[in-house]
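Two complexes follow with chain A in common, the first pairing it with chain B and the second with chain C.
Here is the complex of A and B:
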């Protein structure tokens, strides 16, 4: 089929505009990349836009040798690993029973509400802090993982996905002598892979990006997760300094090359995770949304 | 930023209920404050032994005692050598070696949320520091959670500490007390250090044969010449008159402009007395604010203020300085150290000189400064076993930082690694008027060539000044520009001598209405300031004053006056 000239023009125009828009998204990254590869003097003078000036790998060498950054990177990696495993297990084993019909699981609604209520009403910052402290979690990696381990939002998504599976599958599995465990492990879970992958991605991003809990629950600097470390280092200057001994706060501006390098290195792991999970991503969210 | 924090915290909080009972890794629990605060009780027997020894300000505990601390001097960007941490560094080692005090620093961070949580949870370490203007101090005093340090301070404080604490005649120390009792050790310096001066590119001024700035007209004339007569000689109109650096989203964001208001006898950031003796906020005095605003508006119209000044952020200051784009800026005495240093490095021929602020009429311009400049308050838990140990640590820190045998690089600032080692202390006082003394003593030494009477810190600065004067070492130029002959500090002394310092009348901690509204109203002022400078009707300022009272300013004024009547002497 031959396309009309107008349609072709439209396509090209469309593509150009979309291309420009995606460039806009890319520019900040390119700028940060250029800053991280430039000498700090040229950055201070504002010469760097999209191409490194006085190319140097100093910042990256420093990041690689800077023990605190690498330690924090390791903590965050550990946190993501533990977090994904624990969160996904809890999500799966909670969502499965709650996805059953009322006649099989009588007080199902009560339990669902029990969970859902916590999405709207929380204990608040200070009570949560007190709980974490008195359970002895302070300053350990578990303070970053356990308090948020029951992700109601994720559970609700998986719950709806499971309800969308054909009832016949469950019935035939039971007819063949399988119990709930068999059905759950060998049929329900494998069928839910798209949904599970999506939730995994949510969890990875949640753990990788969280910084506030690291700040309040972790006391030793060598146990800070990466984002807490970054947050504390990337201080916006501009505050008026009255004490000459505090000038070092302002002087950190000239470390902007180092900060750029750290920010880039930080964003790499999630960027790497995306392509592998993306194919499940769209089907994962929408599949759970339509119910019978 | 704060909002993000709360959202995240809520997310964490939301999901925590169901797992509240889980106890995780109990091995790590040994570092929680809970178990720490119990620790000192085991050594309580030592306290009876040491009190008997005497009131030796530097007496060593034997056997050693234990203390817990939280260090809020340590900022997020604080640097440590490998293996060091807030509770393992030269200061902590010195406390243990010289005083027999094992200090366990539970955490070190200047994050206020973290501190607020600790205070709210009621689990206080033996010693910690609050920000100087924090209301948490008054709350803790009212709740009876803090130790009364009056007696231990009297008994144990070393002569040097008492000297430093009363360098202003006891004004700050008295102002920091509650009901006449000392519940905190204030870390303060003299408000005079907050004075501003006018920095002028002296080489440009001489090149264009302009007069020294003595009046507001001179300042405008210099700004005009710098903006239009191509002072840098590159045949491009790329220089600006009066530079403004700032961040309109922060209170105090455009403070570089404040001295213009001072020239018109308006004091936007201070509480001043009106004709009836009541406190009013300087921003509300529209009759004196408006002429200054009008002048700024005219300057902007004549392109004497950077066109896009409202969009600049604080971090652009260094950038624009390094490029030599401007030659006129109001700032603190330390500007040579930051940001002017960057231009001096790039262009050694550039030369800056500090001038006193000027007046728009024949009355001298006053320099408003805060009433008290308390940066932090070190407070001690009510039932701490050894409140006197805190005073001893203060004695030791003061000795190591400012005493005759002070080792600057070891305990204060390590220039080599750019580490502020002083931040690792758990209690300290600054040396008020240190900068003034440096200036006076260095200049005396330059005249007489006698350096024996200089302290370690003064000698260090003296050597750098001399080095710049003889060898022109660029790294040492800031010292010359601050402490050398005619250095910026000179104006602090002159402001004081001429009675031009105007102390803020309100010296209490922030009142509830101030906490709620002050920052927001100050940012609102930035908005109207930018609007008027960029061309809106000056009379819009009346509307701002009206709004200011309506949006909480009324309450703030009431509370400030309530405080004033109760504390006026």
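Here is the complex of A and C:
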């Protein structure tokens, strides 16, 4: 089919628009990268847009030497690790029973309602805060993990996936004398690996990005997870540059270059995981929509 | 169990059928015991961190007393009826906070629905697969970064001596205090929210687009429809079910103006235009330690949201055949 002049014009116009939108999305990162690699003087004079001026790695050196930043990084890593293990176990062992048919598992309806209600009704900020406090979790990493450990949406995605497995698998496993646990561990879980991968990525991103719980449940600044630390020290007007005594460093490092460097380092894990995320999140979204 | 033999040997009569059903029910019950154990951790955690706080909603009707709370829990403080609500609704800031919430949330709902639809249609028209993928890669990225990170980037670029203002200055425009001017702040919230989520929100519309039957386009071409007419008469109607569904479901967000985003971007100068129920509640209830007032604000918001969510689900199940499970 011959392309008309109108269509060709449209195609080019469309590509230009999309190209511009992409640039618009990309510019902020490039600018921040340029700022983090420039000297504080050239940033202050407004010379830096998309290319470093007076190239220097000092902001990064300063970030790497700042013990509080590295501590917070470690706490976030620990949180992600603990969170992924615990959340995935709870998601799997909760989704499996709920994926059974009402006919075979009579109490299922009761359980489903028990969980679904919490999607629509919640105690809200302050009662939840008071409960976390009275369960003695304040200032501990468990305050960042336990309160949200039952992720209903992830459970719904996994249970829909489990329901898609052929019924014959379960029947034959029961005929061979296996119970639910055998079927769950030997057959259902191995078959759900693609879905579990998706949910693991969901969980990693969730834990890495969470910061508000750290803000309200953690009192000692040296126990902040990274994003909370960034929120407290970078977004809120900083006070750390004043601590710099080395004049040479002060010439090249300022609040803005430091903030840029910290923000970039904090987003590195997500950027590294991004190719996988992009691949699995999209399947994850379509997985959740599969229903009988 | 040896009764089973009977079923195999003889043609079962009705009584036997009932018996078989009973036996299989008993087998199921016994077999299901591990299922209850598997659900136990989830049930306990949900009880502690979801249901117990719900009981805490009684604080909204009490004069909170920290000493009594420490010794006797939620029900120990004296009840004062709806005085906390009267206090909240009487606060001079409250009407403004409520208005800001609804105003910002509705702008976000409208913009957040229209932009991904347009973007999905444009993306769908791109013939080259690599180009489409490149655009998707770049535009999905902000969705996966937290508001803390994006807030750091945004406040750097939009600050009074930031990149945008330097560009404006070089073009001889007056500087704009994007995050410090009540006239522009709410719109900056909408724009930055679009930056974060538009790309990602196209996914679901792109999926809807691929499910449109190509024969419809062929028929439209034979009828003489150009690209624009095809979009108008085939693409948009094809997307309509999902647009209607997501549109109705977003009604439930009418009081969710985006706490995390506003929390990292606002400052006292723009409280007048940017303070929303959630940020207000955080400052008054949690920072100010007025737990009873804060719970009342939260309960008010939950009630309105619950009504809106119920309405939206009722509409969605009526018009779009939607159900959660």
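Some notes on this structure:
Definition applied: the second predicted complex is superposed on the first by the 236 of 292 C-alpha atoms of A that agree within 3 Å, B and C clash if a C-alpha of one lies under 4 Å from a C-alpha of the other, contacts with A are read in each partner's own complex, and residues count from 1 in each chain.
In this text, contacts are C-beta pairs under 8 Å (C-beta built on N, C-alpha and C of every residue); 3 or more make two chains touch, one makes a residue touch a chain.
Every value quoted in this text rests on a predicted model; they were computed, and no experiment measured them.
Of the two partner chains, chain B is the only one touched by A:220; chain C is not.
Once the two complexes are overlaid on the shared chain, A:133 sits against chain B while remaining clear of chain C. In the superposition on chain A, contact of A:21 is made with chain C only, not with chain B. Once the two complexes are overlaid on the shared chain, A:109 sits clear of chain B and of chain C alike.
In the superposed model, A:142 makes contact with chain B only, not with chain C.
Residue contacts after overlaying the shared chain place A:266 against chain C, while chain B stays out of touching range. Taking chain A as the reference chain, the count of touched residues is higher for C when chain B and chain C are set side by side. When the shared chain is aligned, chain B and chain C each come close enough to touch A:150. Residues common to the contacts of chain A with chain B and with chain C across the two structures: 44, 46, 115, 118-119, 122-132, 134-135, 146-150, 210-212, 216, 231, 235, 256. The residues of chain A lying in touch with chain C in their complex are 6-7, 10-11, 14-15, 17-19, 21-22, 24-26, 28-29, 31-32, 35, 44, 46, 49, 90, 93-94, 96-98, 100, 104-107, 111-112, 114-116, 118-132, 134-135, 146-150, 155-156, 174, 179-181, 184, 205, 208-212, 216, 227-228, 230-231, 234-235, 256, 259-260, 262-263, 266-267, 270, 274, 277-278, 282, 285-286, 291. Those residues of chain A that touch chain B in the complex are listed here as 44-46, 67, 115, 118-119, 122-143, 146-152, 210-213, 215-216, 219-222, 231-233, 235-245, 247-254, 256.
For chain C in complex with chain A, the touching residues are 28-29, 31-32, 34-36, 38-39, 41-43, 45-46, 48-57, 59, 69, 73, 119, 122-123, 125-127, 131, 134-142, 144-146, 148-149, 151-157, 161, 163, 166, 195, 199, 203-204, 207, 226-227, 259-260, 263-264, 278, 281-282, 285-286, 291, 294-295, 298-299, 301-302, 306, 309-310, 323-325. Across the complex, chain A is touched by residues 4-6, 8-26, 28-29, 31-34, 75-77, 80, 82, 85-86, 106-109, 111, 113-114, 117, 120-121, 123, 189, 193-194, 246-247, 250, 252-253, 255, 313-316, 318-320, 322-323, 332, 334, 337-339, 342, 346, 373, 375, 413, 418, 420, 422, 430, 435 of chain B.
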